[in-house]
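Two complexes are shown next, each including chain A; its partner changes from chain B in the first to chain C in the second.
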Partner chain A sequence: MVRGRTLANRLLLTSALLALTVGCGFLGWMRQPRELRTNPPVLADLSRFRLMSNGIGGAPPESYFAEAEPYENDAYNLSQGKRLYTWFGCAACHGDGRGAAGPSFLDGWWLYGPEMVSIVASIRDGRPHGMPAFRDRMTIEQIWQLAGYVQTIGAYSAKVAATGRNDGPQTRPSENRAPAVMLFEEGPVGVNPDQGPSP
Partner chain B sequence: MRMSPIIWMSTIAIISGCTGNQSAINPKGAPAIHIAHLMSGIVAVCTLVWLLVMVMLVWALLRKRSDAGEQARERGLTTTVSAAVGATAVIIAGMTIASFYTTRDIGIPGEAALTITVRGQQWWWQVIYADPDPALTFQTANEIHIPVGRDVHVQLESTDVVHSFWVPSLAGKQDLVPGRTNSLLLRAERPGIYRGQCAEFCGLQHTHMAMMVIAEDPESFERWAVAQRGNSVNPGKPDAVAGQVAFIAKPCAACHTVRGTPAMGTTGPDLTHVGSRKTIAAGLLETTRGSLAAWIADPQTLKPGNNMPMVPLTSVELKNISAYMESLK
Partner chain C sequence: MTPLDNVADLRDTDLNDVELDRRLASTWATPKGVWGALSTVDHKIIGRRYIITAFVFLALGGILSLAMRLQLAQPEARFIGPDRYNQIFTMHGTNMMFLFAVPVMEAMAVYLVPLMVGTRNIAFPRLNAFSYWMYLAGGLLLWIAFAIDTGPDVGWFADVPLSGPQYAAGKRADIWAQMITFTEVSALAVAVELVVTVFKQRAPGMSLDQIPLFVWSMLVTSFLIIMAMPAIMIASTALILDRLVGTQFFNPAEGGDVLLWQHLFWFFGHPEVYIIFLPAVGMVSTIVATFTRRPVFGYLGMVMALIATGILAFGLWVHHMFVAGLPRLGESFFTASSMAIAIPAGLQIFCWLATIWAGRPVFKTPFLFVIGFMVIFVIGGMTGVMVASVPFDTQVHDTYFVVAHFHYVLVGGAVFPLLGAIYYWFPKITGRMMNETIGRWAFGLIFTGFNLTFFPMHILGLQGMPRRIYTYQPEMPWSGLNMFVSLSAVILAAGFLLFFIDAIRSALSGPVAPANPWCASTLEWATSSPPPAYNFSRMPVVGSLEPLVDNSGALPVASGLFVDRRELVVTSVVGALPEARESSPGDSIWPLWSALATTVLLIWSIFTPWAVVWGSVPLAIALTGWFWPKGTKEDDA
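== the complex of A and B ==
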């Protein structure tokens, strides 16, 4: 009787340990894979998005969907985008995302719409009223990474993927808490007269 | 007795690993020599203590039970234990004092002949030779030149995560912590090329974050510094000229500086005299035209995760840019 109970206990313990091991293995397997080297043909395809003739919205290349929209959903790409935001001096005009000389990303108002294609086009080709073109300064992959980050800080709902932590002090709610939603609750602000006519 | 070949070979491997240009027990600089002395002193004392304990243990196991009375035995025991505790206290105090003096000796002297700022980045070393006159300030990467027999004050900073600066043959280990400046004294007693390595896990390419410290006599050092202060040399050969044009037109110039050209990016290493350095990509490859081309063509295969993107180039552009890089002596 007593012996039977110890055997049952032991079996229970063993299966619990086994389940724990398998669970850990499963979690490791679930980890988001990190694509450090995108295939050159896929990279070349990133330039082949189609923009609407008014410069707002459009269609990303087919391969972007085949890769499961990596520049919007992948934590590594978003983190790289965050570093590019610093390295390429975006903060000089856009501050921490709330704008300064340039427009804010967090006021709920996207001059050219919140689609990736619009943001990529804005960075690559520049926009009127002061946004420079980064075509010759960044690779197309870097532009997509940066665009993914810009879309993340201005997103209306928080993404599951988070960027890396801040190296400097925090000046606004962090990216994975949808800072835009917290900051534009009062409704979108009017277009700054210096930004020119709303497109 | 015949030694097993595995033991034999691993012994050779271990011993040969201690004699190279990256070894704390083959010191070539004053701070490293102080540390090596402390290390051998502590090892010698501990070995002696261990041997004594072992001898005592064997003696205690083998000795006959003494015939002395309970009280005498108790008294003997008290004496032995008190002597052992006293000896332990003296030895530990001695080692503490020795370690204190060593730390004092490897500290920063009031006046150093040269002050260098080393900034750790994922995954390379930015080396700044600052001068009160901005025109004399210059930068290099992953290669530090120092004059032999002079005290060099190294200011350690980090831009991203904690790194650790360790050139075992010349000095101890010191962390580079974001947001603060740490100091280290570097001094080479003999000319040579000493290898250093990041000694604090700092991410994916921690392994490939090495640097070379080149100690040379003060005259050669001064010659080198004068050459480094100068702007980049103008490319002479046609392929290097075309390479310079491509370098400035392509995204390369957005991250790299080549002084004397419009390339003024500061995210990546300063390439003004990249052709004169021994290695590229923080000790990953020797600087040759072929390795430069391989690195530029596909940095993510050679050092996955580093921040240099794969810039789409035609084969002619790649050939020209690597010729240009090689010409930047």
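== the complex of A and C ==
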């Protein structure tokens, strides 16, 4: 009797451990790994997004969805984008995200829409009225990382993945705050006259 | 039914030995079944669990180190990528320091100290159960996070700003910081229990100058834990706050301080080395005394050296920060204090040598591990004096020289004595002997493998190979030695494998051990192997440092304790004069519920600060249940 119970206990413990191991393995296999060197074919595909003829909106490459939209949902890529924001001098025109010579991101007003491809196209190809093209200065992956970060600055909905604050002066709400839509009672209606030139 | 059942408040004075053992067993034994196993507060069962869990973590950490050696065996290897490698070296260090080295030393103490001071259970036994569950939860948190590719990747000391909000993306650093909280809570709990056990629960007559050296070393270690661990808990909490709620503790632009992290971490981190080393010193003293058939030379000097090490341990943390850019004068001071700690360490080494010189050494496996400890630890101590010098440290900082140094100190200074201690106390814990032949083989393989693995790392470091690189170019002059080191690591791993096989095999089917197989002199050998749930049938009375030698066969005992409730003797701090009969809490499931509630709170708080508010509700309920009077006889006293 006692022996039977010990055996049952052992079986219980073993199966619990086994379930834990298998569960962890499965979760680990499901999660997207942090890519420090992305697969070259996947990288090359990042340039093949399709833009609408007016330059606003479009479709990312199929492989982007196959990879579960890493530049929007992955904290590592977002934080890389944040570093690129500093390194490539975005702050010179866009300030800390509130805008200066260039438009603000923080207020949630998107001149070319909030889609990733629009932001990627803006960075890669430049835009009228002063936005330079970074095509020859950044790799396409860096452009996607930066675009993902810029999008979170003025995001409309909360995300699980977010960058942390910088070790610098804190001049505005951090990116992992409540989304930009909460800053506006009515939401965006028409073009904001303070936003600089319209498209 | 015997007539004695009707006697209210039955005491051990009224009973013969057989009847006494029967009644004590029914009072103290842990009930069978899952519920009994989950609610037990027996220090021997919890200590055993602690030891086994810690050795499982040792094996896991060892597997990680083999993976790293496989990757580094040749230049430009493709076995592990850079991101995974960062996680692996962080996991290896964190696991070995926080989940193996400190807990396993405390685990040995949880098992042995109550036996060595001749009492029936550790002080605060429910806190003891709670501390084990916290430790287990912390270990699972870290390893499950690693399994799902969220393992920390910021190094085992997680320096800011690399572990701060700007550079450590995701939840990896938060998991590291919260794992710290788990293990520190458990370590602090055990430290408090040990201090109280040693001060207030010693056998009558065991005055302070008659406690075994292992108990002294655990007492000093416990004080080190109590004073050092709060620093790291503050640091890791500040890190989590910086990362989660936007505080600026480590952000200089907003009035924080980057170096604050290093000061807080190493104010804990250096005493941590002695938290690991001092218990090992106690184990060595115990083993040396037993296997040379004489007491350790210079008992007073040994105790003073323990205390001096403990005090000096808090005065040299800055030598981990020599390249952080601190004032010259400060660096010189900490060079001097770092070299000064070689004095008490050297004193201990010479006392052991004198003991061996004057005794009649018997070279059994535990003693072999002690000899191995002395050789390796002295080499590690000498490179320690080298890196205590600022110019030299500046040269070898963050190279493999440092890796070699601290493996010599930590593996030599703690793991060798620990393995010796396992061979030594295995018969007491399991009631079975380990195999002497396999033990000698295991020692030979581990000693050879260790030196062949880690000595060349000194040379690699002097050749400029940095720590924490996941690969290196073929042009570097490191590939030959790295291949040699990796092959030697296989020998080391084979030694550990042999040890694990021997331990498991002996626990299942080793020869049955007598009560005192080594003819040792301390109290834990006065009871059967393994000890009964109540440790001693009657409370021993001690009049000398070596109670089992000086009383040839018959140990004087005290009597007058109740047998129908868990009761033990409380004695005075210095002279161990009996002061009172004190009841000892019985089994309870509430420590487990409390640990689960704390676990939920701590893990939840990685994601939202509101977890501290809402998570405290179940914790408060669990603690209320824990402390609610249950109407047992133990509550009366």
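Some points to look at:
One rule holds for everything that comes next: the second predicted complex is superposed on the first by the 146 of 199 C-alpha atoms of A that agree within 3 Å, B and C clash if a C-alpha of one lies under 4 Å from a C-alpha of the other, contacts with A are read in each partner's own complex, and residues count from 1 in each chain.
Heads up, the rule we're going with is that contacts are C-beta pairs under 8 Å (C-beta built on N, C-alpha and C of every residue); 3 or more make two chains touch, one makes a residue touch a chain.
Note that this is a predicted model, so its numbers are computed, not measured.
In the superposition on chain A, contact of A:Ala68 is made with neither chain B nor chain C. Using the contact criterion defined above for the overlaid structures, shared-chain residue A:Asp167 touches chain B and also reaches chain C. By the document's definition of touching, of the two partners only chain B reaches A:Ala44; chain C does not. Judged by the touch definition given at the top, the superposed model places A:Leu78 against chain C, while chain B stays out of reach.
With both structures placed on the common chain, the touch criterion links A:Gly28 to chain C but leaves chain B unconnected. In the superposition on chain A, contact is made by A:Phe88 with chain B only, not with chain C.
Of the two partner chains, chain C is the only one touched by A:Asn9; chain B is not. Applying the stated contact rule after C-alpha superposition, one finds that A:Thr139 touches chain B and leaves chain C untouched.
A count of residues in chain A touched by chain B and by chain C gives the higher number to C. Taken together, the two structures place residues 34, 36-37, 80, 167 of chain A in contact with chain B in one case and with chain C in the other. Of all residues in chain B, those touching chain A in their complex are 159-160, 178, 249-251, 253-255, 267, 298, 300-301, 304-305, 307, 309-312.
Residue ranges of chain A in contact with chain C, taken from their complex: 2, 5, 9, 12, 20-21, 24-25, 27-28, 31, 33-37, 75-76, 78-80, 82, 161, 163-170, 174. Taken in their complex, chain C has these residues touching chain A: 32-34, 37, 81-83, 140, 144, 147-150, 161, 164-171, 243, 246, 248, 250-254, 258.
Against chain B, the residues of chain A that register as touching in their complex are 34, 36-38, 40, 43-44, 80, 83, 87-88, 136-139, 141-142, 167.
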